[in-house]
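Both of the next two complexes hold chain A, though its partner changes from chain B to chain C.
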Partner chain A sequence: MRDRTLWTWHVFAGLVILVILGLHMAVMHLDAILGIFNPAGGHPVDWANVVARAQQTFFAVTYVVLLGAALFHGLYGLRTIIFELGIGSGLKTTVSGVLVLGGLAMFAFGAWAAWASHTLARTQ
Partner chain B sequence: MLDTNGHPNRLGLWGWLGGGRWGLERYLYTLHRLTGLGLLAYFLLHIIVTSARAYGEEAWLASMARVTGPLFVVGEYLVFVAFAFHGLNGLRLVLVELGWAIGKPIEPVYPYRTSVDVQRPLALGVMVLAGLVIIAGGADFFLLH
Partner chain C sequence: MTTFTNVTFRIRRYDPASQPQPVWEDHTLPYAGGMTVLDGLRTLKETVLPTLAWRSSCRMGVCGSCGMFINGRPRLACNTQVTELGTSLVTVAPLPNFRIIRDLVPDLRPMFDAHAALMPHIIRDDEDEMEEPTNEYWQTPHQLEEFLQFTYCIKCGCCMAACPTFATDPAYSGPMPLGQAHRYNTDSRDGGFGARRAVLGGDRGPWKCHYAGECSQACPKGVDPARAIQLMKRQLVFDYLRLWKQPSPARLAVVPAEVKRRADVPEAPARTI
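What follows is the complex of A and B.
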């Protein structure tokens, strides 16, 4: 894929991350100030709060979208940094291949975890 | 002129660290890269650690027990700080990239005005905003819990 296209997706993914990760950070780390999406009170990582969020399809979907956007944004950024070190074209191909495969594997695993926890939470 | 070792515009690591005559925005660029790498490293571990919730309460509690303690609280706060900086500075970069924050082209009449006259206030404003988010996060992390 052309670098210009990848760069456009990188910028777009960054905006998606800013919104969804902003919400995630507000829920997880500004809880004492904002108190949103933690219905059981206590800490946001308490099991009751984790289940309450996982039960909502909104959170399951946004976790998967965030996972994909953040993996692409982060790994493309890493690729750009590595390429700027002036490596040869053979190594560039290897780096791209490793990052694509690694990214896809992490996405598959993370998406499974998000959906499995959503399914599990809905049974409780 | 800096020695580029036969690779014009490719200064390697020095290209990251040296602000040169570019000033504030150049250091924001360096910080943007460093925080980006830090966030990526954390994110990859975060995917693995939080996947424990898919196996039920016991696995989740065991996973959380491995990442508790003052060191992890400080580490998580640093991640929060990196996010606040990287996210808001990234928004500035998008605005500049799309040409919405560089001002309109004008005739070069002395005293010259450049796009920095528009970009610099934006950079400072974004850093103030990031600072406020970082302070709010600090209060939540260390004072309100």
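What follows is the complex of A and C.
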């Protein structure tokens, strides 16, 4: 049953990525139309706009969710590719373990960085 | 239509007991009208290649024995006319993705083991009725249509030979067994989804399919196993999310005894049970 569970969450993660990357595209490339996420005007990556977005909890949460979804989606895909090389069951367990530990470490670091930037921006 | 005077058969010969590597042999035959690849192989065996080994039986695309790799595609030798290949050079090799027993005979046991593991038969609680049927089970034409095309599978192995995932991952069940599991999961008379789910939810299930679709392209019977696998994924995911539950298996068809047939309604055909 584990493969069904992982594959289902892989699909969900893909959908989350689609929505949040869509938001990212809207913020970065449709600011002339939307404007609401770039209150300082100018380019979306101007420092004032970056700080303004980082102050919002909504964006901090989307960064963390996107990080988790992208890591799970990408690492599960990588695991599938490696498994298709016809490796033995022992190596499969090792690969899964390395990817889980690596993924958790990257998620912890990335989530900390996202939340730290949010906390820092709120003090500006 | 293309016609030829002669046809050259390039055949891959291999006897693992005596040869380190397969070798290719060319043999030329005079073309006869309507010649199939199997006809050519038979003629060669009767004349110059008495030790050539392959499987075949029905000669009419029904038994699924003569699946071979013909001019770069998995095909049935009996169902492939030489003229439809468009060349007078016919290259014949055993189906890829299987161990070779000898010459054109692949070892199909992994396919049939995976097939058996997925319980390709009707599973029900009423075992007495299954053993000694007293009546038919209700099934509407629409319910039959849900799985009918998958019943046309003849287990020839052409889809398995075309599958890029099965080529690299022998743990993958492959299109034929998965397609047949879906065929029974979809049958309204069956109640075995829960039993098959235990296998399908794991690493022998449909999850490694990339939807290359080669299996459906290769099938000589026009079955679409790639579709079956995608439908099966949806069914299993919906089951995981508690959005789908297998309906109760069809009940026995009870015919009302007191009904009188109207004169303008033709009589039903005789019952099979």
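We take it that the second predicted complex is superposed on the first by the 115 of 124 C-alpha atoms of A that agree within 3 Å, B and C clash if a C-alpha of one lies under 4 Å from a C-alpha of the other, contacts with A are read in each partner's own complex, and residues count from 1 in each chain.
Methods note: contacts are C-beta pairs under 8 Å (C-beta built on N, C-alpha and C of every residue); 3 or more make two chains touch, one makes a residue touch a chain.
For clarity, every value in this text was computed on a predicted model and none was experimentally measured.
Of the two partner chains placed by superposition, only chain C is touched by A:Asp3; chain B is not. With both structures placed on the common chain, the touch criterion links A:Ala32 to chain B but leaves chain C unconnected. Of the two partner chains placed by the overlay, only chain B lies in contact with A:Leu67; chain C stays clear of it.
Once the two complexes are laid over each other on the shared chain, residue contacts for A:Ala113 go to chain B alone; chain C is not touched. Comparing chain B with chain C, the partner in contact with more residues of chain A is B.
In the superposition on chain A, A:Leu85 makes contact with both chain B and chain C. Within the superposed three-chain model, A:Gly42 lies out of touch with both chain B and chain C [touch as defined at top]. Of the two partner chains placed by superposition, chain B and chain C are both touched by A:Val11.
Contact with chain B, but none with chain C, is seen for A:Leu75 once the two complexes are overlaid on the shared chain.
Common to the chain B and chain C interfaces on chain A are residues 11, 84-86. Chain A makes touch with chain C in their complex at residues 1-8, 11, 80, 83-86. Those residues of chain B whose C-beta lies close enough to touch chain A in the complex are 7, 10, 12-13, 15, 33, 36-37, 39-40, 43-44, 47-48, 50-51, 53-54, 56-57, 60-61, 64, 76, 80, 83, 87, 90-91, 94, 97, 136-137, 139-141, 144-145. By the touch criterion stated above, chain C contacts chain A in their complex at residues 165, 168-170, 197-198, 200-203, 205, 207-208, 233, 236-237, 240-241.
Of all the residues in chain A, the ones that touch chain B in their complex are 11, 14-15, 17-18, 21-22, 25, 29-33, 43, 45, 47, 50, 54, 67, 70-71, 74-75, 77-78, 81, 84-86, 106, 109-110, 112-114, 116-117, 120.
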